[in-house]
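Multiple structures follow.
After this come two complexes, each holding subunit A, first together with subunit B and then together with subunit C.
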Partner chain A sequence: MVAMVEPTGPRPRPLTPARIGLYAFLFISALFFLVPLYVMIVTSLKTMPEIRLGNLLALPSAPSIEAWVKAWSSACTGLTCNGISVGFFNSVKILVPSVIVSIAVGSLTGYALSFWRVPVAGILFGALMTVAFVPYQIFIYPLVRIFASAGISNSLPAIVIIHTIFGLPTMTLLFRNYFASLPIELFKAARVDGAGFFRIFWSVMLPMATPMLIVAVILQVTGIWNDFILGLVFAGRENLPMTVQLNNIVNSTQGERTYNVDMAATLLTALVPLVVYFASGRWFVRGIAAGAVKG
Partner chain B sequence: MLAIRPRLASRLAAWVALSPALAVLVVVYIGCTTWTIWISMTASRMLPSSNFVGLRQYEALFANERWTVSVSNLVIFGTMFMIASLALGFLLAVAIDQRVRAENLLRSIFLYPFSMSFVVTGLVWQWVLNPTFGIERIGKNLGFADFKFDWIVRQDMVIYCLVFAAVWHAAGLVMAIMLAGLRGIDEDIWKAARVDGLPTWRVYVSIVVPMMGASFATASVLMATSVVRLYDLSVAMTNGGPGIASEVPAKFVMDHLFERQNIGLATAAATSMLITVAAVVGPFLYWQSRRRAAAGAH
Partner chain C sequence: MSAAMTQASSQAMSHAATDKRCDVSVKDVEISFGRHVVLEKLSLDIAQSEFIVLLGPSGCGKSTLLNAISGLLDVNAGQIWIGGRNVTWEEPKDRGIAMVFQSYALYPRMSVRENMSFGLRVAGMPANEIQKRVADAATMLKITELLDRKPSQLSGGQRQRVAIGRALVRDAGVYLFDEPLSNLDAQLRAELRVEIKRLHQRLRATMIYVTHDQIEALTLADRIAVMKDRVIQQLDTPQKIYREPVNRFVASFVGSPAMNFMPGRVERGATGATFSLGDLSIPIQGYPFKSPGLTGAAVLGIRPEHVLSGAEAGPNAFNAQVEMAEPMGADTLVWCRTPSGASFSVRVDSGPSIAPGDTLPVSFPVGTLSLFEEGPDGRRL
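Showing the complex of A and B:
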C-alpha cells in the first residue's frame, strides 16, 4: 500500500543504502562546518561561571548579551579599553577608499590592456599574473621604507595605496578577461563615432561591466575586511583594522580570559563578510572563480 | 594631420591609464624585490647597511632552528592541507552532485567559513580545541575520564590543528570549484557509461576525474598560494607556540623585521620563500602559457 503513495519533492529517488550513506556523509560534513559557528554563538551568550562548567555544546541557560556589549564598547586591546568598535570604524575608514581606488585602478588597467595596443602590455600583464603568487614578505620592508621617506608611513593613505597595489593583479585580471569577452565591434563603433580613450571607458565599457563591478566589490570588501598583515604593518596604531584589534583583545589579555567576550568580538568581526556572503549568494563563488582562473 | 590628432590623444590617454600599473611594476615588483634580495646579501641588522657579505645571511638562516622548524612545518602543513582540502572538497562536490535535497542550503553551509578571515578561523578553533573547556572536556563529560585531545598544546601535534582549521576554512571553496567542473561535464558521457554498464564510482575514477584537470589545477593553485601566505592563522591560533612548534616562514620574516630588528636575516628568509614559490609556480605558469599558445594555434 505504501509503495503506491506518490512521493513529493523534486526528482524522487528510492532510499537505497547508498543514498542513506550519501545523506549521512553530507549531514556529518554539515555538522563539521556548522559546529564552530554554533559554539561561537552559544559561548558569546553565556556567563563566565556557566562557561567554566565546561559544557561547550550546551545552550546558554539564561542567554545574555552582556558579553556583546562589553566586546563592542569596553574590551581591552592592550592598554586601552574601548572595545572592538574602534577597530570596526577603523576598518570602515580603510575599506571605503581602498575598495573604490583599487577597483578604479584595476578596471582602468584591465580596459587599457584589453582594447589598446600598448607596447608593454604583454610584459605588464605577465608580471601582474606572476606577482599574484609571490608572498607579501618580499615587498614589505622596502615598502615600509618608501612610505617613511614619502612621509606617509602608518597612515590611512598608506594602507589605501597598499590595498590598491596588492589588489591590482586580481582586479586587472577580472576586468581584462571580461572586456576581452566583449565584441570588438562595440569598441570599433565607438571609435568611429569619435569617442576617445576615457570616453569609451566611461560611457560604453563601464556600464557594460556592471556584473564585474559587483563581483569586484564583493571580492574587495571581503578581502580588505579580512586582511590582517597589511593593516598591521601599514595602517599605523591610530587606524588598526578590526582583525588586528580582535587578535589583540583575545591574545594579549592579562589575567583570566573572558571567553564569552572573546567569542562576541570574533562574531562581530566576522559579521561584515558573513552578511556580504549570504546577501550575495552565487555572486560570491563567481567572484572567486573569476579571480582565480589565471590567464 | 587633423585626423591623426585624436588617435594620438587616445594613445597618450592609454599610457596615462596604465601609469599606476607601470609604476607598481617598476617600483614594487622590480624595485622592492631587488632591494630585498640586495639587503639579504648585506650585514644589515637594525638598519640596512651596504656591507656586502655574500650568502652569509643564508648560512645563518639555515643554521637557525626556528627557521628550519618553520620550513618543515610549512611542508607538513602544505602537504596535509592540500591533500585534505582537495579530497574533502571533491567528495563534497560529488555528494552534492547526486541530485540531493537542499542543495543550496548545503552549499552555503560548506562555503561560509571561506568568507571569514583567518584570524576569526584561528580564534574559533583555538577555543574549540582548548583542552580545558573544549573537545577534551566534552569527551570527559560523556564519561570517558581518560579522554585526551590536547593537540593544540602539544609541540608534536599542534601543526595538525592548524591543518584542521585551514581545511575547515577552505574545503568549501574547493567544493564550489569542483562542482562547477562536474556540472560542466557532458551528459552524454554519463549516458554512454551507463549503456556500457560501468558502476558510478568507476565512471568518477576513470572518466570524470581525468576530465577535471582544470578544476584540480585551479583549486591546487589557490590552495598553494594560501599555504605560502600562511601567517594570520598561526598568529591568531597559537602565536607560533607552544614554544616554536607552529612557527611558519612568513611569521619568521615578520618577527625578524619588526620585533627582532634583524632585517638581513628577515630578507634572506623572504628571498628563500620567493625562490621556493618561483620553483613551484614557474613550471605551472610555463605550462599554462604553452597550453594557451597551443589553443591559440588551432
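Showing the complex of A and C:
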C-alpha cells in the first residue's frame, strides 16, 4: 500500500531527468557567456608581465586599473593617442540626438498609421516593412552620394539622419502595433473633446505608450551604440564613434599587443549597453504594469 | 443644502440646452464599409429635448449611425443637421455634441478632473470657468470625492459616471450615448438608468441613446427607433412599439419574455372575423385591420402577459395543456399547448401552483393581440 498523502499547499516538484537536463543546459549556457566576460575583466586588471605567463583564468596577483586609465585617456587610435574617451564622447553626441529623433519620428508615424486614415496607409506601411528587410549596405553608396550633393556628408546631422532613417521601420512597427492595440474609443473620445492630430498624440497616446518608449529606447541605444559601419561612413573624421575607435586601438600594431588595454577599452565600449539593460529592467516591468488600460 | 446646490448647477448646465436649437435630423444617410452597406437611405428626425433610443440586434448599425451623427464617421451620402445647421462636413467638436462610450474611454493617464476638463482645456477655456463646470458636473453625478483619482482606481459604475461627467461639462445641446451601461451589472445598470433619466429631465437636452437592452429602451425613451437590416423598422413611443409592433421582428425583439406567435387563418363568418388555430376559433371582431375585409393565412401574436387565464379567461376561453412552468419571482411563466398543438406561454401570478399535465383555461383578448403576415418578417395586418 502506498501511503496516501492528503494534497495540500504547493504541488511537490520531483526532480525528473528532464528537469536536471534543463538545469544543466541553463548552467552551461550561462558559463558560455560568462567565461569570456570573466577572462576580459581579469585580464584588464593584470599587468603585461603577468599576462605573458599565459594563465588565462587566474585572478590578477595585484589588481591594477592602470590599463583602464590608459585605455580611457592615452591609448593610441591611429596617429593620435588620446584614448577611447574621444570615441565615447563622439558616440554620446551621436547617440542622444539619434535616439530622440528616431523615436520621435517613429512613434509619430506609428500613431499616424494606426489612428488616422492616411489614404495610402497600407501601401506606405508595406513599403516600410519591405525596406526593413533589405540589407542596409545596399543603401550606403546612394546615401553617401545624396548627402554629398546636399553638402552635409561626414557630419553629425548626417549620421543622425541616417540612424533615424534606418530606425524608422522598427520604430514605426513597434508603435503602430502598440497603438493599434489601444481601444479606438479613446481616440474617438479625444476627437469629440476637440483635440487635433498632435494634441491627441501628445496628451493622450504618448503618455500611454510608456512601456513602448522604454522598449524603443533600449533598442535604439544598443543598436546605435553598437553601430560601426554607418558611423565609419557617415559621421566624418571628427565624430568617429567609440566602436570605430575601439577597432583602431585593438588593431594598431605598434610594438607589443597590450592585451590589458585592449580588454579595458572593449569593456568600456560595452558599458553603455550593459548599463541600459540593467537600469531598464525595472523600468521596463514598471512601464508595462502602468500601461494597463483597464485597471 | 446639497439639493439646492444640485438645483443651481443643473440650471447652469441646462442653460445652453434651452438657449440653442438642438434638434437633430438625419437625412437619407448612407454608410458602407467597402461593399458592405451598413445604413441605407436612413432618415430620422429628432425633436429638441427628445430622448431617442436606438434599439436593435448586434451589428445592425446603431453605433455606425451614432458615429455619423457625432462626426466620427463620414457619410457616403445624405446629410446630418443639428440645431438647424448642416453639419455633414463639420468636425465632431464643432457639432455641439457630447458623447459617452460603452468602454468608458477615459484617458488612463489623467486624473478624473483632468479627464473631465480635457475638452475644455483643448478649447482654451479660462481656468476658473473650467473649475466651476467640473465642480458642477461632479456634484450632479456625486463624484466630487473621486476627482483626484486615476480611472484605474475606480469601479465600473464610477468610471461610467466620470464618462458621463466628461460629456456633461461640454454643456452640449445633444448627448450621444453608445451603450453606456452594457458593461455594468444588472443592479448598477438599473441605478444609472434612473440617473440618466433624471439627468435628461434636468438638462432638457436632446439625447440619443444606443442600446440592445429593451428594458432600457422602454424605460428611458420618448421614442424608440428599432433598427434591423440597414433600416429603421419602427420609430414610435415605447407604448406603441410594445402594443402595436409593425412587424414580427419588432414584436419579437421588444418585450420579455418574448411574444408568442401562432400560425393560422383569418376567416370571416356570421359572427364576424375569427382567427382559426386548427379546430379552435378565436373571435377577433374589432381588430383594427389595416386593410379591412382581409382573410387568409396569418400569424397571431400575443404577449405572455396579455393572455388571460383561469377565472379571468371569460366566455371565449379554451382549455390548454400545461407542459412546463418557469417561476420568475413575482410571476410564473407557464408553457402551454393549444388543442391543435401550437405552443405558447402565459404569465400568471405565482399564487396557485400549476403543474405540468394540468389543463388551464385561457383566452386571447382581441384588444391586445397582433396579427401579422405569414413568414418570419411578416408585417402587421
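Here is the rule we use: the second predicted complex is superposed on the first by the 256 of 295 C-alpha atoms of A that agree within 3 Å, B and C clash if a C-alpha of one lies under 4 Å from a C-alpha of the other, contacts with A are read in each partner's own complex, and residues count from 1 in each chain.
Quick note on the criterion: contacts are C-beta pairs under 8 Å (C-beta built on N, C-alpha and C of every residue); 3 or more make two chains touch, one makes a residue touch a chain.
Keep in mind that what you see is a predicted model, and the values were worked out from it rather than measured.
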First (subunit B), second (subunit C), both or neither touched by A:Leu57: first
Residue contacts with subunit A in the superposition, subunit B compared against subunit C: B
A:Leu186 touches, of subunit B and subunit C: first, second, both or neither? second
Contacts of A:Ser203 with subunit B and subunit C, given as first, second, both or neither: second
First (subunit B), second (subunit C), both or neither touched by A:Gly194: both
Partner chain(s) touched by A:Glu256 [first = subunit B, second = subunit C, both, neither]: neither
Which of subunit B and subunit C A:Val35 touches, first, second, both or neither: first
Residues of subunit A at both interfaces, subunit B in one complex, subunit C in the other: 194, 292-295
In the complex with subunit A, residue positions of subunit B that touch it: 6, 9-11, 13-15, 17-18, 20-22, 24-25, 27-29, 31-33, 35-36, 39, 48, 88, 91-92, 95-96, 98-101, 106, 108-120, 123-128, 132-135, 137-138, 140-141, 168, 172-173, 176-177, 180, 218, 221-222, 225, 228-229, 231-232, 235-236, 239, 249-250, 253-254, 257-258, 263, 266-267, 269-271, 273-274, 277, 281, 285, 288-289, 292
Interface residues, subunit A side, partner subunit B - complex: 9-11, 13, 22-23, 25-26, 29-30, 32-37, 39-40, 43, 51-52, 54-57, 105, 108-109, 111-113, 116, 118, 120-121, 123-124, 127-143, 145-146, 164-165, 168, 172, 194, 196-198, 201, 222, 225-229, 233, 243, 246-247, 250-251, 259, 262-263, 266, 269-270, 273-274, 276-278, 284-285, 288-289, 292-295
List of subunit A residues in touch with subunit C within their complex: 183, 185-186, 188-195, 199, 203-204, 207-208, 292-295
Of subunit C, residues touching subunit A in the complex: 67, 70, 72, 91-93, 97-99, 101-103, 105-110, 118-119, 122-123, 150-154, 166, 170
